[in-house]
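Chain lettering (A, B, C, D and E) follows the sequence in which the chains are written, and residue indices restart at 1 in each chain.
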Amino acid sequence: MSAASIIFYIIAAFILGTGLLAVTTRKIFRASIWLLFSLIGIASLYFWMQLEFLAAVQIIVYVGGIVVLIIFSIFLTIKSGEEMPKPIFKRNIFAILAALSGLAYTARQISLYKFQAPENPAPFELKVSDIGRQMLSTTDHGYLLPFELISMLLLAAMIGCIVIALKQKEPVKTLQS
Amino acid sequence: MTGIPLTHILFLSTALFFIGAYGLFTRRNMITMLMSVELMLNSVNINFVAFNKYLYPDKLGGVFFSIFIITIAAAEAAVAIAIIINLYRSHHSIDVEDASEMKY
Amino acid sequence: MLNEYFFVLKAEWMLIAIIFLLLFLKVGTSDWKNETLLYGINILLLVNLLVGFFSNLEGGLFSGMFHNDALLILEKNILNIGVYLVSLIAYPWLKKHEHVLEFYILLLTTLLGMFFMISSGNLLLFYLGLEMSTIPLAAIANFDLDKRKSSEAAMKMIISSAFSSALLLFGVSLIYGTTGTLVFTEITPLLNGSPLQLLAFILLLAGFSFKMSVVPFHLWTADVYEGAPVAVTAYLSVISKSAILFIFLQVLYVVFKPMSSEWYFMLFFLSILTILLGNLFAMRQTNLKRFLAFSSIAQVGFILLGLSAGSKTGMASVIYFLLIYMFSNLAAFGVIGLVSASTGKESIDDFKGFYKTNPFLSWILAIALFSLAGVPPTAGFFGKFFLIMAGAERGNYVWVIFAALNMIISFYYYLKVVKAIFMDPNDQPIEKLTVPALPKLAFVICLTGMVLTGILSWIYEYIHTLSNF
Amino acid sequence: MNLTLFLLFPLATAIAILLASGLKQIRVIALIGSLLQLALSGKLLLAYYEQRAAGNQSQMLFEYVQKWYGPLNLQYHIGVDGISIAMILLTAFVVVAGILVSWETEHLSKEFFFLLVLLSLGAYGFFISLDVFTMFFFLEVAVIPKFLLIGIWGSGKKEYSAMKLALMLMGGSALILVGMLGIYFSSKTAGGAHSFDLLELAKMNIPLARQMLFFPFAFIGFGIFTAIFPFHTWVPDGHASAPTAASMFLAGISMKLGGYGCLRVATYLMPDAAHAYSWVIILLATIAIIYGAFATMMQTDLKYINAYSSVSHCGFVLLGIGMLTQTSINGAVMQMVSHGLMTALFFAAIGMVYSRTHTRMVAQLGGLLKIMPFISTVFVIAGLCSLGLPGFSGFAAEMTVFMGSWQNPDKWYRLATILACASIVVTAVYILRAAGKSIMGPLGNDSYKDLTDAKWYEKSAAILLIFGILVVGMAPFWLINLIQPGTEFIMNKLAVVATGL
Amino acid sequence: MSQTLQIALIPLLPLACFLVLGLYGRKHLSSSAGIIGTLSLFISTLLSLQTAYQYFFVSGKVNGVYQKLVVFQYNWLEFAPDLSINIGLMIDPITVMMLVVVSFVSLMVHLFSLGYMKGEERFATYFAFLSLFTFSMLGLVLSSNIFQIYLFWELVGVSSFLLIGFYFEKPSAVAAAKKAFIVTRFADLGFLIGILTLAFYTKTLDFGLLIERLSTASPYLTDINAATFLGVSALSWGLILVFVGGAGKSAMFPLHIWLPDAMEGPTPVSALIHAATMVVAGVFLVARLFPVFALSAPGALQIVMYTGAFSAFFAAVIACTQTDIKRVLAYSTMSQIGYMMFALGVSKYGGEDGLGYMGSMFHLFTHAFFKSLLFLGAGAVIHMVHSNEMKDMGGLRKLMPITHISFLIACLAIAGVPPFSGFFSKEEILLAAFESNRLVYGIALLTSGLTAFYMFRLYYNIFWSKPAELHGHHHGEGTLTMKIPLILLAVMAVVAGFAPIAKWVTSDGLPIESHVPITFSILPVTLALAGILLATRLFKTQNELPVRIAQQMGGIYKAAYHKFYIDEVYLFVTKKILFNLIGKPAAWFDKNIVDGLMNLLGRITATLSDLIKGIQSGKVQDYALYFFGGIAGLVLVFIYLWK
């Protein structure tokens, strides 16, 4: 077993372990931290796959964005240190059953499926410049349209968030009294 | 990395996916449910990247897909958190069990 | 070249233009009254709607990622009509709302997402469109900002849809893994029917089913419909459902054509469940919005029946039905929205004796319900008939009989509402309401639609000629 | 003769009613509209005779085909033969009478007359259609007005009855839907397309297995409309709760839609199956006849009496169709006309009594003949027609059915015929019991003394219907001659297959 | 005036009269209704007589045989090309005879009613109904088609219903009317099925063809004889069923129960319908089909015979015990019709063998006069004393001499005392019975004695017995219009016996000589006289003897007084069996089972809907689990089970 594979298994164990902790720990703040680790683990997996750009995006968006957002919202809604309630027993059983059976089945199908790797693979390179060019081109495998589209989506999401999360104005009081 | 077969990476992502699913099923706190969804989306990302790299290295379809997924996940999370905060204002709780007024 | 970018994308450009116009209005500190704003926006939407009928160009852009043809133009026009109607009936509610502009920005963004979704030739664009049509919608489901139910609905919607899109994405990733492409036309020849691909397809189907509210993926529907503002519920139940069905048609009929025997039986299975559960739940509802939610679930079961034909007539009947369904459902929601905005009453019991005080609204609601039930001479009859007819094409009479018998149950609950309106006595009926001009216009349009769409056969024939299957 | 006028006239009337204001205007418009319809049907009859006299031997006259839903090969195909004309005349009569009887409807009069006219539109459309889809369309058009008429203007447990009626009729429609789709997809025209066209379908032979499968759906579906046992329970409740005019329309017109459909669609298009299933039809019809008659005997409410007797009488229609002889089918058609007029008259009379005494319970009535001789006479005439007195339409129709049924020499069929004949005795029992108690005998209640006899509009309604009954009863030959060519075509189709089996 | 028109006018005049009186009588013609009715019937009667004259003396005979002449026919209702109801006018000897009888008696009744019904509120309606009945009865006898006869048969039934129920405010009248109609309707069911059977095999409904096809060797006859049911040929079945119809109308045992009750109607009505005309329709029907009965189905004829004989005796016994004078007369009618029936039964076809047939018709003819006379006389009495009960009467001979004399004549006639008309007709019948069947002859003889007895019991009780004790004011004997019919009918009751019926009305149309030996007459006349003497002894003056005898007879008397409990049996069958065992269960079944099933379907759906409501728990995590379950289900079904 090469070092690379050992590293992979370590990363994998890290991702799964922290992920599992993130969904089971009773302290919400800890859960978010475990999630953070898990996401970082995934970023490192991308590094391992030599997809530095993607890893960077992962770190920036998730670690820098989403997790921070989550932590903020935790501060807004939960008194820190409070333990979360236990999952409902019956649902827990079904959830475990569902997750395990889903995992088993999917894994089995994946292992049964004969993925055909190309005979002589073209070297897989991910240059940031390529990504940038493709992102903004309209030709074959150009992603200008989705790119523009997602900006619209983000804009809309922003507006939506503002409207919803903004503290509502108090009803205007008339000066009659 | 040459020694690692594709399927192992897929096992990883699948496992992560179902960990996320489990979290979604059992976590009663809405924010943690959201976190579980993020895990699931990340597992899909791993899938895309792995397929792209192992099987179809000539094009970047999978990678781009995962970039977009990350972005959308961000938007989704933002809106979801906004909603949760709004809900917290009216319910004073973010336990999903408390937000089940409408039923049957 | 530029010409092409302009005209093929015309519908989308129009929307973007309107969205940005509204955005500028929002940013600029204008102190316009809500009424003025609403009239202005509705005129804009009317322009948008009318423009949709002229100088359309077919063709593919972005190397097939986006394509437009006559059928898609028609579908977009149908959606435009629907959005216009939703906007008209939202008037009584929005009149008192603080965030009119934001509402429209979000609403039109989702519409834009739908346009891209149905025009997509690529799983990525499809996914983007899908999310774009969902996430802002969840936000506007929460637009009754101080209502508990509204935020509960929004929460349920965003979490359910996140879960569903995660599953859908997992399916997409498996398709990508097994075929190596995201382009629709390239996927089709590479389908081999292996269990993994079937799994991927089932996950995809579940994602679609979630949006279409097919049992057992429907459970969010009723709660969200009940909690969301009426206009949003109307939009959800009509526009977003139609959009997803339009693309579902393409995906099933074109992309997954090789798996047609598999999906046929899956649809059979799901449709029977959907019709039955939709009906059984609709029977027992007391809240009108929730009632309509379940009734629309049952309708989806019928749509699946028509869809299963896998033929030109199947496609035409589904699109035709959706057009009629739009008129009928929006008319019903229009009345409910008007009543709800003025009195806050939404339960069936509150509507007892409604006819005594509001005959016009009662008739609109009743005709809408008749149309939903599929009673002639309303167009709903034709819609449902053609769906069942398309479904019978394959000779699966068990399904047809099942659907036909279930129409009795559906008849029961629609008539129950009619009964409440016309027959049940009530000491304190809803007072006489004045119908503002804009909703009235919507009612007239819906009424015309409900009556004429059926009798004038050329509408169906037109759809049929366009159905490119 | 443009048959579409039969749709346009009621439509115009309905629109005019919507535009009118005030009870007076509305009812005058409704009456004029219905009289115009009556005139139109009279003209149709004359035009029909003219055509036949001119040697036009084609099955359907005044045909008009307009492509409707081209891709599906659905057409707006209309045309009439004698059978349809008889039905159209019946409808026209009952509509005029119904509108006259409801002359003083004050509660929501606009809606009331509008719905009545809409109901008649459905009936006309159904009878002129030659395309199964169009027929189905019009059949269903008539369902909702019934529901609303009963539910809004009815009495007693009206909501329950209205709902029951609507649901059961909807059930019938659902079965018809399956049946007709089965026919459609079993058909193949010269061009290779499927068809709903009645005449096209009649030319081709639907495969036997298909017929055996879909005949029950079509027949029972239409049968529910005409109260086939055991799906007749909407009839008593529905009729009893309905306002007078609606009862008249229901029993007089609406139940005929079913019989007509059974004959035109189920039996005509699927003759093999009709032969194979005839014993079932006859069994059900016989049960309906006998059992309906006995159930009637035990009723105490006048409307229930007439409703159950309708079940029994419509059993004759089904019996006639099930026997599959020319005479019996003639009889079935005649029975439809006869029952339509008679039962409408009966309901009109009951309505008149009810509007004065405010009760329909036989036990509480009595001696009405003295106080309201006209209404009582109408009542007795309706009763006598119902029990098949010669001179009234019921006799000619029932005798034709019996005579036709007896042509079938199988001993079980004979038994069915005998039982059906026996029902006329039971009919006599319940009719006389009802009349004897409510019309004759000592006065039921002293307060009845001040009641008045029929008003002019009630009189005209009754006289109109009695006129119809008498014309059919005194001169049944014209009715037979009218329907004979139509039934002959049906018989030819049936006969060809019978030998081919 | 052409013959067709002339004959057609006979029934059409009363019809027109009915329409005019029915539509306008109540309001506009309330006083003149009687005159109109009587006049129109007077014309009818004249036309009938003219027709009779023409038929018997001018045009009826071809080669010495009276023909069946169909003077008019119209295809009224075509069942099948060879099977249609042809409304027609057919005359043959019995028709002509009946025309005369019906129109004459009806005229008398009309006349009588002018006085009897005076002051009635529904005077015009009464005459309208009378006209309707007359029309129907005339139509019946003129029928050329077996279905036509059925048609008029029903009409006669309904006019009888209307007239019996004329006093509609009296519950007993309504009940009687209902009973009459329903019982005869029940019998008509047999008639109808009989017609259907005959028509099916003979392919015709026309009397001429029907009789021809069934009485001579023909393929039709072979067919109908070949078809059997329960070992009896279809022909016999058909004829027996037709006879059941006749028996219903003619009040033969056991379908007679309606007749006594029918006396609730106005008395002139009883005279017309329930004595002279309608009740003999059954006899007429059998006579009409006589060739078929006699030539092809002697078995069926035997049934006619025994039914008639039994009814004759049975009714006579009951008549001896009744106290309501109209009921006595009703039972006597039944008894006399029994005579006519068995006379047909004992007869054979053709020539001298057809003596019974001739006797039956003869008796029908004479009976019509004296029986209607009896009823009208009874009517006059009732008019006077306002009661039907014998105990309220007595000693009326002084007060109403004309009634008394005419009544006495009628009594003598019915008792068979020469030279009154009843004697002649009864002699023919007895002779025919003697020659054919001794048992029947014995019964007939006995009945004839009983007849004389009960008629004179009646006579004495009314006119002698005790002194008249009328309270307060009375009408006197009635108006002239009431007396004239009595006188005319009395004359007829005397002279009708001399009518040469044997020359005119025979089974095969050939005149026969009736020659009853004087010696044969001795026995019946002696018996009749004995009966009269016994009645004189018992009832001429009031005494205890009748009561004592009645007590000694014990059970038999009581049974006879209660009409042998036939009514009770019927009541049991209808109330207990039809109503309780069929009607009620049917209604219950409908309400609970059939309707319940429909409601149950609804309830099941509702319950189901309630059961599954838990799916929609409102908890988003449950939704997610169901979502996942849905996928799992699809995978399970479509990846594993389906393949």
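Following the convention adopted for this analysis, contacts are C-beta pairs under 8 Å (C-beta built on N, C-alpha and C of every residue); 3 or more make two chains touch, one makes a residue touch a chain.
Quick caveat: nothing in here was measured; it's all calculated off a predicted structure.
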{"item": "Per Cα centroids, the chain farthest from subunit D", "value": "A"}
{"item": "Pair joined by more contacting C-beta pairs (A-C or D-E)", "value": "D-E"}
{"item": "Relative to subunit E, chain with the most remote C-alpha centre", "value": "A"}
{"item": "Cα-centroid distance, subunit C relative to subunit E, in whole angstrom", "value": "77"}
{"item": "Inter-chain centre distance, subunit A versus subunit E - centres from mean C-alpha coordinates, in Å", "value": "102"}
{"item": "Subunit B-subunit D separation of Cα centroids, rounded to whole Å", "value": "65"}
{"item": "Rounded Å distance between subunit A and subunit B, as computed from the means of their C-alpha atoms", "value": "5"}
{"item": "Multi-chain contact residues (two or more partners), subunit B", "value": "10, 17, 20-21, 24-26, 28, 33-34, 55-56, 61, 64, 68, 72, 75-76, 79, 82-84, 86, 96-97, 99-104"}
{"item": "For subunit C, residues that touch 2 or more chains besides their own", "value": "124, 128, 131, 135-136, 138-139, 142, 145-146, 154-156, 159, 163, 177, 195, 199, 222-223, 284, 412"}
{"item": "Multi-partner residues of subunit A (at least 2 other chains)", "value": "91, 94-95, 98, 102, 105-106, 110, 115, 141, 143, 146, 150, 153, 157, 160-162, 164"}
{"item": "In contact (per the touch rule at the top): chain pairs", "value": "A-B, A-C, A-E, B-C, B-E, C-D, C-E, D-E"}
{"item": "For the subunit A and subunit E complex, residues of the former touching the latter", "value": "91, 94-95, 98, 101-102, 105"}
{"item": "Subunit A residues touching subunit C - in the complex, by the definition given at the top", "value": "105-106, 109-110, 112-113, 115, 138-146, 149-150, 152-153, 155-157, 159-164, 168-169"}
{"item": "Footprint of subunit E on subunit D - complex, ascending", "value": "164, 167-168, 229-230, 232-233, 236-237, 291, 294-295, 297-299, 308, 326-327, 330, 367, 369-370, 373, 384, 387-391, 395-396, 399-400, 402-404, 406-407, 409, 411, 417-418, 421-422, 424-425, 428-429, 432-433, 436, 439-443, 475-477, 480"}
{"item": "Interface residues, subunit E side, partner subunit D - complex", "value": "26, 75-80, 83, 85, 147, 150-152, 154-155, 158, 161, 165, 168-169, 171, 174-175, 177-178, 181-182, 185-186, 189, 192-193, 196-197, 199-200, 229, 578-579, 582-584, 586-587, 589-590, 594-595, 597-598, 602"}
{"item": "Subunit C residues touching subunit E - in the complex, by the definition given at the top", "value": "155-156, 159-160, 163-164, 167, 195, 198-199, 202-203, 205-206, 209-210, 215-217, 219-220, 222-223, 262, 265-266, 269-270, 277, 280-281, 283-284, 409, 412"}
